[in-house]
Every structure is written in C-alpha cells, then in structure tokens.
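Pasting the structures here.
Next, two complexes with subunit A in common: one pairs it with subunit B, the other with subunit C.
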Partner chain A sequence: MTPRKLIALTRAGIMESLQFRLGTFVTLFANLIYLVLVYYLWKAIYASSGTDVVNGMTFNDTMIYLILATALFNFLEMFIVWDMSRSIQSGKIILDLLKPMTFRKYTFWSYSGSHVVSFVLTFIPTFVVVMIVTKGAIHMGLNLLWFAIATVLALIINFNIEMIVATICLYTESTWGINIVKETIVLLLSGASIPLAFFPDKLGTVVRYLPFRAVYDTPLSILLEKNGSDTISGLLSLFGMQLIWVVVLTIAGTLFWNHSVRKITVNGG
Partner chain B sequence: MGNEAIVMKDLCKDFKVLNRHEGLKGSIRDLFSRDYKTVSAVRNVDLTVNKGEMIGYLGPNGAGKSTTIKMMTGVLEPTSGEILVNGVVPYINRKKNCENIGVVFGQRSQLWWSLPLIESFKLLRDIYMVSEKDYQDMLELYRSLVDIEPILHKPVRQMSLGQRTLSDILAAFLHNPDIVFLDEPTIGLDVSMKAKIRSLIAGLNEQKNTTVILTTHDMGDVDALCKRIVIIDKGQKIYDNDIEHLKSYFGSYRTLRLKLDDDTWEETLIDESKTDIMEVINRADRQKKIRDIELIEISTEEVIKKIYEGEAS
Partner chain C sequence: MEKNKRGLGFYLRIYRKVLVQDLKSKMSYRADFVISTIGMIMTNLAGFITFLILFGKFPSINGWDYHHMLFLYAFSLIALTPVQCFFDNNWNLRFMVQSGDFIKYCFRPINVFFYFISEVFDVKGLGQLAFGVGTLVYAWNKIGLVVSVPIILKLLLYLLTASLFMIAIMNAAAATCFWIQGSGYVMVIMFRFKDFAKYPASIFSGIFRVIFTFVIPIAFVAYYPSLVLLDPGNVPLLSWISPALGILFFYLSYKFWMLGVRRYDFTGS
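Entry: the complex of A and B
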C-alpha cells in the first residue's frame, strides 16, 4: 500500500465530484420528494395499525431511521457496475488495467473522493437537520465513533458487492437486468427502504446474517443505538458480522476478478 | 537483460467468437449456441525491438496491430508463443510491466475528463511515484518541445481532439517509461497538429531514448518518425526492414492529382526521385487548363499492395 497513490486518487476524485455541484442539489431535491412520499406512506401504516409502537419502533423512530438510511444510501452509492460495463464496451478499460496498481485498488480509490464529497455535502447536512428537528433523539457519544467505523466497513462491503456484480456482467454481456436485480436486493434486504424490524420473523433472521444488512442497517443501528448496539456484546457481534463479510467478500471478489480479468478480450482498436 | 526492449517469438493470438445468426430468431438461438469459430488475429509473429528504436507497425484494418500491442502491454494473454517486454512476461507481471510502459490509444483518453490537464499530470506523477525533480524536468522538456501553457490549465472535456491527443501523448511519456505504445495517435487530426505531434514524439524519443511502437495508417507519420517498419497482414508479418530499403524499391512515390477545366481529376503516380513534379505540372498545363492541384502521400495500404505484388521483400 502506498499512501501517496491513494491520496492522489482521492484528491482527484474530490475535485472531480466538486465539478458536479448541481448534481448535489438534484440529489437533495430528489431525496426531499422521496422522503415526503415515505412520510405519508408510513403515516398511513401507523394510522392503520392503531397503536403508536409497531414492531418496537415509534413513527418518529421509523422516520429518523429512513431519513438517515436515505442519506447513507447517497453516500455509499457506487456506480461500478455501470461504469465498468461502459468502459468495457468502449474498450477504455484497457487504460485502467494499465495503471501501476491493481484494478480493484485503482477503482476503489478512484471512487473514494466522491464518497468524501457526498459525505460532507449530503450526509452531514441531513444528519444535522435530523438532529435539530428531533432535539436529542440521537445520542451524541461514543456511538458516533462506532458509527464512523461501521460506515467504513459498510463501504468496503458495498464496494465488493458492486465489484462482484460487475464481474458477473463480464460473462453475461448484459448489465441492465442484473444491475436492477442487484439494486432491488440491496435496497430491500439491507434495511435501506424498510427497517429490518418490520420483516417477518423467519425472513428477518435470515436477512440478519446476509452481507446487505451490514451495509445500511448495521451502521444505522449503531448510530441510533438500536438492536442491542448499546451493549458491548451487541456492538461486538454487529462489528464481528461486518468484519466477517469484509474478509469473505474481499477474498471472493479478488479471486473472482483475477480469474475473470484474463477473459476480457478488450474491445476495439 | 541485453539491448532488447521487446522480444516476441512465434506469437499467436486466437479469439473465439460466437457464430451469430441473423434476425430475432437467430438472436434467440445464439443464446444457447455453442457454435464458436476461431479468429486468428496474430499468427506466428517474431519480432525483436531494440531499446530506443522507433518502429512503425503497419498493416491494413484488422491486420492484428492493436491485438499485438495489447499483448505487449499485458492486457491480453497470447494463445501461444513467447513474449518479453523489458525482460518481463507482460501478462504474468502486468503491474511491473505497467510501470515501465506508456500507452496512447487514439480516441480514448486516460485523462480525468472534468479536471484541468495539470491535475491529471499531478495524479500520474503520484501513481507512478515520479520524484518532484524528475516531474519538473519532464515539464521543462515538454515546454521546450511544444507550447503547453494554453492547454495546461484547460479542463480536458473542453479540449479539441488535437489538443486532447497531444495531452494524452504527454501523459503517456510523463513517468519516463522505457517503451511507449502509440496506437493511431494522429487519427482525425489536421495537418498542422499532425506535424506538431510528430515533432513532439521525435523530440521525446531523442531526448529520453524511449522505445516507441507506432501504428498508423498515415505514411507521413512513418516517414517523419520511423527508420524501421514492420508490416503485418492477416496476422502475419510480411515485411520487417529499414524504411530506406522499402523506398529504394519503389522510390518516394506520391500521387499527383490535377483538376482540369472540365471538372475531372487526372491522377498520376510520380516517383519524386526520378521525376520532377513541377515538370509534370508544366507539361500538363501546356495542354489543358489546370484548376486545382493535389499531392497525396502514398498510403500504407498502397505500400502493402506493392509488397504483395512482389516489388519489395
């Protein structure tokens, strides 16, 4: 690992993302519309249930969770599947393959700058607004530090999921369908659109052990001190699960990519 | 390691491609088809390139030039044969090989699209671990060869094709690689930009003793830059010798086109070493009125055709 290379890529990524300032506003605006929808949807759900607390969550709990999940989603979102399939089609991938570092590392660090930008420009503002509006519903303590660590692990897991799906697309030569399937699975099973507490028992148990949950639900649970993350043992088991997935997916993703990259015939010329 | 930059022995590359069928029905059939055919893109090519040499790697469309370059860079694995670049096997040691090569593929850019060129340079400086001094020296050399100031602070997406190509060539040389591969670097450029780029490449090769492998369809590029040319056709090497040798066989041919009064073009192939072009024009002018004159470089395709016809070997 050479920090100089990684810092340089991150720096360029930050500068490039800042070129698309307008994109940030569009994202914030789209989020607003989405959240208004979510608000009325869940209001109806709570109204029809007749109680204030559903599956251990109040309406406010659910809203805070979903708003932060949306902000986290904007922050963690990567477009590796799209970008890679486009650069394979055009043959541009050859230039990325010829960088003096592994393709996976190059890709990860090319994205890191845009994560930094979206963290500062979308996640932090959203967080601050939620904090002010809810007046103290989010505890300001060590949980913030644990949340930061969990988010970095989530980022690595998400990167590996993206890379593995992108590699599958090398074989299928079609991206659109597979990408839609991936996005649906991740959004549903990660807790990004429905809190895991609302899942039926059996499905909920399975989902808790899948990697998708480690991307959104784990960091959010830790931030909001839910799901037992306010105890040491609860925290450790959440981190443990994330770490296992980081290791498993990194190894699997690396092997799968190294095997597949030899099959790329590099279009055009 | 001796004086060789690149050694290829009996190098072959086959592609397996699906035999596609026509129409919607055919497309559905293709989904389950195992009906592959093999395309031999490169066949039994032997080639040794010495350090500091600048060779023109020529051939008609589909001859296998880009495929050979992809094997030399390590992104493609040869089907059979041996290949060594800077003493390493490129597809096995891709990362190591990458540190010592630079590439330009015409019409594709490795520059960061929305950033000023200088930022891409800084990024390349860091990912290739170039020292600040070497980096500044290289920029100094660039300044002495071309006027880079107007483009240095321009975002790449605002550049013209010519400026972008120029920038990509500079980017490929930035970490002072031992070998630079230029795959059709002058494609789509006007005459003055071509001239600029040729003198830049010649200057860099001379100053840094960089080995350059150049593919092009423009004989002018070859004439200006390469002492040695290698020609392949249908994947096979059919010529490998000095450009002088080639010229001695069919001289410095150019096509003279004259537009006559009745709006028709008259073409004459002229060997400048034997015939004076002005004389031909004068003679024609005495017979008919000439409205326009064009001089066309002989194309690589014509050269290859002539080789086939047995005029050189």
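Entry: the complex of A and C
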C-alpha cells in the first residue's frame, strides 16, 4: 500500500468536509453555547461546595478539561456505525468491499480527512481561546508533544471501538440501539461528561483500566499534567495502557470484522 | 375549502391508522426493538449515575438539595417523553430533505407537519416515562409534598407545558436542515442541551439567563413549571404563564418548520 493512495483518501475527505462550511460554523456556535451551559453548572457546583479544590481539580482545571473534552469529542466523532448501516441498506458497501485495500483501512483513511478538518477548524481554535482566557493555565512544553501522540492513539482506539460496534450491527439489524449504548458508555466512562477525578474511588479504579478512558481522559490528563503524567513513570503507564488497548482492539476488531463480513446480506440493492 | 371541514376527529383517526402501521412494521424487527429499549434504559441509567456521582461529591447545588434535584430530574424525564414518543421522526427529516424523499409528504391532502410527524411513534420512550414516574414518586415522598386531586391536575398541566417547550426546541432544530446542509449537529447539540434542563435555571445569570429562558427555553423544560409544585407559596410569574408561553413556542416552531417546507417546495429539489 503506497502512502500516496492513503493521502488521496485523506484529501478527498478534506474536500468533502469543507463542502459543509456553514455546517462547521453552526457546530462551532452550538458548541460555544453548550460550553456556556457547562460553565454555569460547574460554577454553581463549585460555589456550593465551599472549597476551591475538589479531588485535586480546581474550577479552572475542570473547565479546561471539559472544554477540551468537548473539542476532542467533535474531533474524534465518527459516524461509522450509521454510514455502514446506510451503505448496507443501499448496497453501496459492495463497492467499498471491492476496493483494492482492506475495508478497515479504507474506512480509517477516508475518515482521516474530516479529522484533519475538524482538528484545524474546531480543536485548534478552541485550544487557542482556552489558552488566552486562562492565561497560561496550560503548561507549554513537552506535554504538548505527548498530548499529540496520545490523541493519535485515542483516535485509533476510538476508530476500533466504532468498527467493533458497527460489526455488531451486522448481526442485530439495530443501529440506533447499539449506537446509543456505545455513545452512553463512552461518554460516561471516558470522562467526557464528568472528569474521571470526580468518580468514587472504586468505580474510578475500574474505569481507569477500561479502553474508554484512553480516548478522552488520557490525552487530557497528559495535556493538563494531571494523574502523575508529569513524571516519566506516570507518563509511561498512561501510554502503556493506551498502547495495550490499541493492540488488543485492533486485533480483536480485525478478527471480528473478517469473520463477520461474510455475513453481510444486502437485500436487493 | 374542504380543508376547513377537517377537524380534530379526522386527524385523530388518521393518526391511529398510521400508528398501527408503524407499530406493525416495528414488531417485525423484534431484535431491534429489544435492543433499542435496552439502549434507552442505559441512557437513563447513565444519566442517573452522572447525577449520583455529582451528588456524591457535592451535597447541594445552588441551594437545591438531593431530593429537590431528584424531583427536577424526574420531572424533566417525564416532560421529555412526548418529544421522544411522538416527534421522533424529526431526526429523519434531514435525510429525507437531502435525498429528496421529503417531497412525498407534500403531495398528500393533509397537513405536511402532521403527516410527517405521525409516521413514527417511538415505543421505547415509554421506558423513560416509567423511569421518570418512579423517580418522581420517590422524590415526591421524600420531600413530603401533599397528594390531592387539584395538585395532580396541576402536575399534569405543567408536565404537558414543559414538554411543549422541548417539542418546540426539537422542531426548530430539525427545521434548520431546510436551510443549512449538514445541520445535523444542531439537533444533536440541542438534544444534549436537554441534559441541563434538570438543573435549576437559577444557576444562570445575566444575558444567558435570558437566552436559556426565552431563546433556547431549557429553563422551561423542568425548572419553571416544577416550581409551581415544589414551592407553591412563592411561584414566579414565569411559572404561572408558562402554559401560554409553551403554546406560543410550539406554534412558532411549527410556523418555522412549515416555512422550511415552503422553501423546499420552491427549490423543487
């Protein structure tokens, strides 16, 4: 597989995403309002708690964490489950399966373009705004590099979760149900809706070993230098956990997909 | 002229017929139905866990204790049931509009909005209703509110009011797809906004208090209507007039939706 072909897919994805410029603008605006809601809620929570630091998180930490989690959510969001169910219904999936590369690879790289666009158009602006508003609450150093690596790993883990869920849908004919279960679990257990630092001890310990945490909490912890990621050993253990999940989920996802692809039934089409 | 003769009875008869067809077709995908119901229960459980985690760390929010917050939460769940059960087809609107299939609704001699919305009845919303009712009864007992016929009637009236606001929000969000391509995210984010309906609107201040009351009226999805029951001695004017406002918002969202349909007609796409 030459990189040229992969880059061509990325480029096509970029151009496709840029088609919906107004849509991107609307997304940004809607996010802004959403973050206002988050801001007021946590402001009230911290005001009622009577202390400034809860579980090692100040109000500022919590806000930065949640804002960047939202930006990361937009950046990582994939619609593989929906796209696959639609392309099975229309029969388009046959064409994708006939492509001269594996389906998983094709899917991953055709999404890469929209990831690039949303990274540049939503994540970077959000990050810059957070940096300016908080006046240096985010340390500018090597942690940025580690964050970038962790984000790429998170992207791969997220892709694998999506692919596995989409494969399950081949059997159940229930897209909405499976998808909502996935979304609920990921949003809750990854720390995207409540920072993992606030989880009760026992639940928190279990959640720390699950793959969902590696999608949002790990990159954000590394960026904010929390959870011991400011030490080499802490950093290594976070990366190690991510890598293990990348390997496990990639192998599991590939096997599962290769086994299931024969089951695809397209009615008519 | 003939249109004027069609009263409520006519539309109710049609609704019953369309509903029966929809349920029949749903029953043929039994696995999907079961999984979707499980998915719905999972989202409610996740919402509840989020709530418990927050209250595990923070005993009160803005002067609202655990049981009052629980009441508000349950109230919002019940108020969100009608939009889930009766107006779920709004989620399909953008695909229909984009693919051109929407035109079929314009050719029937009945109200386009009614025909489109009546096509889907979402049974799994009933699980949420049960969850909400159970929680409401529990919170009601714990707070020690009185039970009497007028109070129950009041409860029903204000639940209905609250749901009108959510229906209005989702109608308007769905209708944006007539103007903006790729506006699916507006619906997704509005649906996420509803998660904030379960917190007291008193946490907002300044301009955003106005916005979340009159522009994106999530303050009416639980807070204002439930004050009538929670704090009968001290009900703000906005709570009393919320039924009228609910009807107004619903009417406006309907007009906006229909405006989109007319635009769709004219483009002839």
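Heads up, the rule we're going with is that the second predicted complex is superposed on the first by the 267 of 269 C-alpha atoms of A that agree within 3 Å, B and C clash if a C-alpha of one lies under 4 Å from a C-alpha of the other, contacts with A are read in each partner's own complex, and residues count from 1 in each chain.
What we mean here is this: contacts are C-beta pairs under 8 Å (C-beta built on N, C-alpha and C of every residue); 3 or more make two chains touch, one makes a residue touch a chain.
These numbers come from a predicted model, not from an experiment.
Colleague: Kindly classify A:262 by the partners it touches after superposition: subunit B alone (first), subunit C alone (second), both, or neither?
Modeller: Once the two structures are laid over each other on A, A:262 reaches subunit B alone.
Colleague: Quick check for you: in the superposed arrangement, does A:26 touch first (subunit B), second (subunit C), both or neither?
Modeller: second
Colleague: Regarding the shared-chain residue A:193, is it in contact with subunit B (first), subunit C (second), both, or neither?
Modeller: second
Colleague: Quick one: classify A:136 as touching subunit B (first), subunit C (second), both or neither.
Modeller: neither
Colleague: State whether A:98 touches subunit B only (first), subunit C only (second), both chains, or neither.
Modeller: first
Colleague: Between subunit B and subunit C, whom does A:2 touch in the aligned arrangement: first, second, both, or neither?
Modeller: In the superposition, A:2 contacts subunit B only.
Colleague: As a test of reading the superposition: which chain, subunit B or subunit C, is in touch with more residues of subunit A?
Modeller: Answer, by number of touched residues of subunit A: C.
Colleague: Quick check on my understanding: which residues of subunit A belong to both its subunit B contact set and its subunit C contact set?
Modeller: Residues 19-20 of subunit A touch both subunit B and subunit C.
Colleague: In the complex, go through subunit B and note every residue touching subunit A.
Modeller: Residues 15, 65-67, 69-70, 73-77, 91, 94-95, 98-99, 101, 103, 105, 108-110, 112-115, 119-120, 122-123, 125-129, 183 of subunit B touch subunit A in their complex.
Colleague: Write out the stretch or stretches of subunit A touching subunit C in their complex.
Modeller: Per the stated touch rule, the residues are 19-20, 22-24, 26-27, 30-31, 33-34, 36-37, 40-41, 43-45, 47-49, 54-55, 172-174, 176-181, 184-185, 187-188, 193-194, 198-200, 203.
Colleague: If you look only at subunit C, which of its residues touch subunit A in the complex?
Modeller: Residues of subunit C touching subunit A: 29, 31-32, 34-40, 42-43, 46, 49-50, 53-54, 56-63, 176, 180-186, 189-190, 192-193, 196, 199, 203-205, 208, 211-212, 216.
Colleague: Give the list of subunit A residues in touch with subunit B in this complex.
Modeller: 2, 4-5, 7-9, 11-12, 15-16, 19-20, 90-92, 94-95, 97-102, 262, 264-266, 268-269
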